[in-house]
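Below: a set of structures, written as structure tokens.
Look for chain A in each of the two complexes below; its partner is chain B in the first and chain C in the second.
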Partner chain A sequence: MGNGQGPRHRGRDRGARSPQSEPKVLVLPGDEIPDRGLQPGFGTYRVGRRLFVSIMGYATWRDPFVRVVPFAGRYIPKPNDVIVGVVQDVQKTFYLLDIDASRWAPLHTSGTPWEPGPGELDQYLRIGDAVLVAVENLDPTGKIGVTMKGEGLGKLSGGTLATISPAKIPRVIGKAGSMIHTITRLTGTRVAVGQNGRIWVEGTPDGIHRVRECLRIIEEEGQWPGLTERIEGFLQMTGPTDDTGPRPPGPEPVDRTQPERFDEGAPPPDDDPRAPSASPHIPPDETNEGEGPWEA
Partner chain B sequence: MGSVGAKEVPELLNAEGRRIDGRRLDELRQIAMKVGPLTRADGSAFVEWGENKVMAAVYGPREVHPRHLMQTAKAIVQCRYNMAAFSVDERKRPGQDRRSQEISKVITEAFESVIFTEEFPKTSIDIYIEVLQANAGTRCAGLVAASLALADAGIPMADLVASVAVGKVAGRIALDLKKEEDNFGDADMPLALVPQSGRLVLIQMEGHMTQDELRQALDLGVKGCRDIYEKMRQALRSRYDVPAGSAAPEVAA
Partner chain C sequence: MSEVVAAEIQTTHIIDLARSGHRLDGRGIDEWRPVKVEPGYIKSADGSALVHIGHTTVLCGVKLEIGKPFPDTPNAGVLTTNAELIALSSPTFEPGPPQPEAIELSRVVDRSIRAAETIDLTKLCVTPAEKCWTCFVDIHCLDHAGNLIDAAQLAALGALTHATMPAKRFGVGEHDFPLEVNHFPVECTFVRLGDKIVADPTFEEEAAGQGRLTVATDEARNVVAMQKGKIGAFSPDEVVETVERAFRHGDRLRSLARGT
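Take a look at the complex of A and B:
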């Protein structure tokens, strides 16, 4: 249908947010969009000379590609992404990890710090264990190779997993880690954010619950402005009440006996995200001064 | 199906050209669509179409199960259409029967023709369609719901698939039959259209029509599909609407 010219033009973003900002156009599968002389990128396809959209999202025209920033979809692995995987199968020489991508990713023993003999792999990881790994290589058949060798990578013990759409991960991290830092500071939790939308959280049951609530807010309202303020407001509002409120007797302090391996994760090369996820390990009494019987 | 023979045939078309529920011949039933009601699924949609209520959930692309179905060069599409035991007047015996197997197959094939399966080799895209309440046209409602769920799941496809049934009621061609019209009418023909390319990806027929009637029915059905398509687009767009008063939304960098 020739309704191509996009449903909705949404004025300019507020300046500083993205310098190359373009009008963002909400597009749906089947929409025809102008190519403006650019090549078809992610989420678009050509029929003859016409250009169409294949995925719901915002269309962007940024040299050299016209592409769609999707609202949803499984995690699409990129080399060097740090992700959280869950062991699904233990074979003779490798583990198979569910990483929320379209396929499971093999983790070979060569990519681990251990040297198990054949059949001894389950002494280190068992089905259901969570691990922090990095994407190492992608081959054209779609196989996703991951490794556990690298700063801060390894098995995740204790804690629990939360999930969010991978498309929302940049929101979870925030600019230079501001969002994730706010969350960990105000909940007294430790967090490892995987680019695949899996987030490992360790802390008090209440802290974990509030992190999950934050993630829900980000998932539902992530595209609206003022997110950090809203999250901060939410945490400050819930913090004190939850801490003094109906809490089981004998509050559990944050477990600091866990290995702190990914606490010392050196900031990764690019300006991203993982650093904050790895760093904040803030003793609860600092963050929650006078707010509750943390150590009582 | 209930016992048809025992019942009296209702008046399907009155003197003013109104149908049993007051619609004109080319009128659709009321439709409401909600995108994303389920959180566990990768994508989902709920469609209320007349008295039909249909939920669709999409998972994937994900590991193929059973593994021998895996294709090395592309994803497979697996669709399961299922009617709840309580979806019809008399209890439907639960589980797959020949009718639901057939519907699952034709819906699978309709979607295989629009989904870019080559982008996800060795994986499976699973579509589940659950009919909670049935009143004729459930495969069309199921297709529409599944189509929305696929878009919600972010699965790349050439276009949304829109679907509607046309039929022959009291000797006239009518759009979007309801149960009585389906049971006592002369013909029923579900269609599914890819509006952007104009291709039909599903067409079935039960009953009899002349060639002229068939042409007329196709025209009416395609027009109906395009109306449905517009409603589907609105439903998808409204999911990402910005609440009034807030500024332009930001996009992930």
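Take a look at the complex of A and C:
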């Protein structure tokens, strides 16, 4: 490219519309895109006055940033993201958490509800413990500071962890939490979704297995339209778990309070990843703070 | 980030599932993931094979060159096995000199090939003490989703079975001819999860495993090599049972590698 004419549209229905924003455009690394007077955001870089794309995904123009919503890739922390970490090391004043990002994240005792003396940290968390934490700050050297202070955050006991590509987390949550509500309702599980692609699930073994299957479907088919219907169909076909109790006859009631779902072939709006999940562990207020690209 | 500790709630879940005879991906205790062998994957190699076991992908290339025999074995050719765990294949692998895991992998594969006398090294000798064939078996892990040992061994066997001796290129013969493969060892790896011993462990199951046992068997029902890994123990009865299971799976894997 390089003639400044803007991005090409690739394939059919790539420019699917979501209600409140303009067409999403599929871009590849090296594509030049117009900035439309906005600042370069995630997945873009400037060379002189020209703007290029560094990752594959959908380009979006939303004031004040031009950014690319990636299709795949490792987790890149953003402030206020709620994530699931696993304790890898216990130091004198902090824990080191594996958060499936480029490096481990320190969790200082000041960010925990406890006040252990030096060397007493292993009374609270041990190596291998899973915790729900929030990204607090990112310093320019790339250090990822996390905190456990916040509603719903803390050690995860019981249940298990499932994983999915972090790029698919918005699909797992769905518009205003519709997908995750569907999954938890039909499997009788409790779920906490970490933005880093780790999902804590608690329930019967069968329920956990069905959640895992749902995640596999989302991972493999998340880019195609009609995902929620397929997930619902799958879950109703495999039947309710023992502890969901009797279900009302006929099809599951569908939440119509939300406007009709936009085309799921397009990525959800940017604020969607932080839509409330069904989990008591991620209250909506906590998760809505992370608006905006992390460079901001 | 060389070795990441798995979450305890995850490992206990895997072990609890195994106790009731289930696994994370829905397989049975003794069930394998789909296995696929693609021989002749690299055209520039003298022999090659790409192996998929589920999402685990291993590529093996065989290169045959004329070299000098070792002084202590003047009548034998040289077999060299090397494994590369490239950083692309798993977040736990790092670039740089081979990690212990890579050395173990290459040695376990080498041991089964050598101990089963898969290729007769004396036939690789061209002129005693001067000229012999050197057989390089290079294993590259492209995607690590567990059970690398079995995938690597299967890839090595597939590559050797379909290898060609480039005699013309080295001026030691008029025509190229196939490498003679006499025996067909395959390895089966098992991991202990609580009181169950599961076949073909995934990455998560290996992380949760309380002992790992690899059994290499050949087509004549010989156990040609074994390798014990990870912390954990197996009782004598369990070892015998594991060997029996390795025989049961072995024939199917062997025919996949041989392409028969």
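In this text, the second predicted complex is superposed on the first by the 209 of 296 C-alpha atoms of A that agree within 3 Å, B and C clash if a C-alpha of one lies under 4 Å from a C-alpha of the other, contacts with A are read in each partner's own complex, and residues count from 1 in each chain.
By definition in this document, a contact is a pair of C-beta atoms (placed from the backbone, for glycine too) under 8 Å apart; a residue touches a chain by one contact, two chains touch by 3 or more.
This structure is a prediction, so every number in the text was calculated from the model and none was measured.
Asker: Report clash or fit for the pair chain B and chain C bound to chain A in the combined superposed model.
Answerer: clash
Asker: After the superposition on A, what does A:Pro205 contact: first (chain B), second (chain C), both or neither?
Answerer: After superposition on chain A, A:Pro205 lies in contact with chain C alone.
Asker: Could you look at A:Leu156 and tell me whether it touches chain B, chain C, both or neither (first, second, both, neither)?
Answerer: second
Asker: Applying the touch criterion given at the start, work out whether A:Arg171 contacts chain B, chain C, both or neither, answering first, second, both or neither.
Answerer: first
Asker: In this superposition, which partner touches a larger number of chain A residues, chain B or chain C?
Answerer: If we count touched residues of chain A for both partners, the winner is B.
Asker: One more residue to check, A:Asn80. First (chain B), second (chain C), both or neither?
Answerer: In the superposition, A:Asn80 touches no partner, neither chain B nor chain C.
Asker: With the two structures laid over each other on chain A, which partner does A:Gly128 touch: chain B (first), chain C (second), both, or neither?
Answerer: Touch partner of A:Gly128: chain C, not chain B.
Asker: Who does A:Thr60 touch here: chain B (first), chain C (second), both, or neither?
Answerer: first
Asker: Should A:Trp104 be classified as contacting the first partner (chain B), the second (chain C), both, or neither?
Answerer: In the superposition, A:Trp104 touches chain B and chain C alike.
Asker: With chain C in view, single out which of the stretches 79-87, 187-195 or 223-231 of chain B clashes with it after superposition.
Answerer: 79-87
Asker: Do any residues of chain A touch both chain B and chain C, and if so, which are they?
Answerer: 103-104
Asker: In their shared complex, at which residues does chain A touch chain B?
Answerer: Per the stated touch rule, the residues are 1, 7-8, 10-14, 17-18, 24, 26, 28-30, 32, 43, 45, 47, 52, 54-58, 60, 69-74, 102-104, 141-142, 167-168, 170-171, 223-226.
Asker: Quick one: in the complex, what on chain A touches chain C?
Answerer: Contacts found on chain A: 86-88, 98, 100, 103-104, 127-130, 156-161, 200, 205, 208-209, 212.
Asker: Chain A touches which residues of chain C in the complex?
Answerer: Counting only chain C, the residues touching chain A are 1, 4-13, 16-17, 20, 22, 24, 26, 91.
Asker: Can you list the residues on chain B that touch chain A in the complex?
Answerer: Contact set of chain B toward chain A: 42-43, 60-63, 72, 75, 116, 120-123, 151-160, 194-197, 226, 229, 233, 236-237, 240, 242-243, 246-253.
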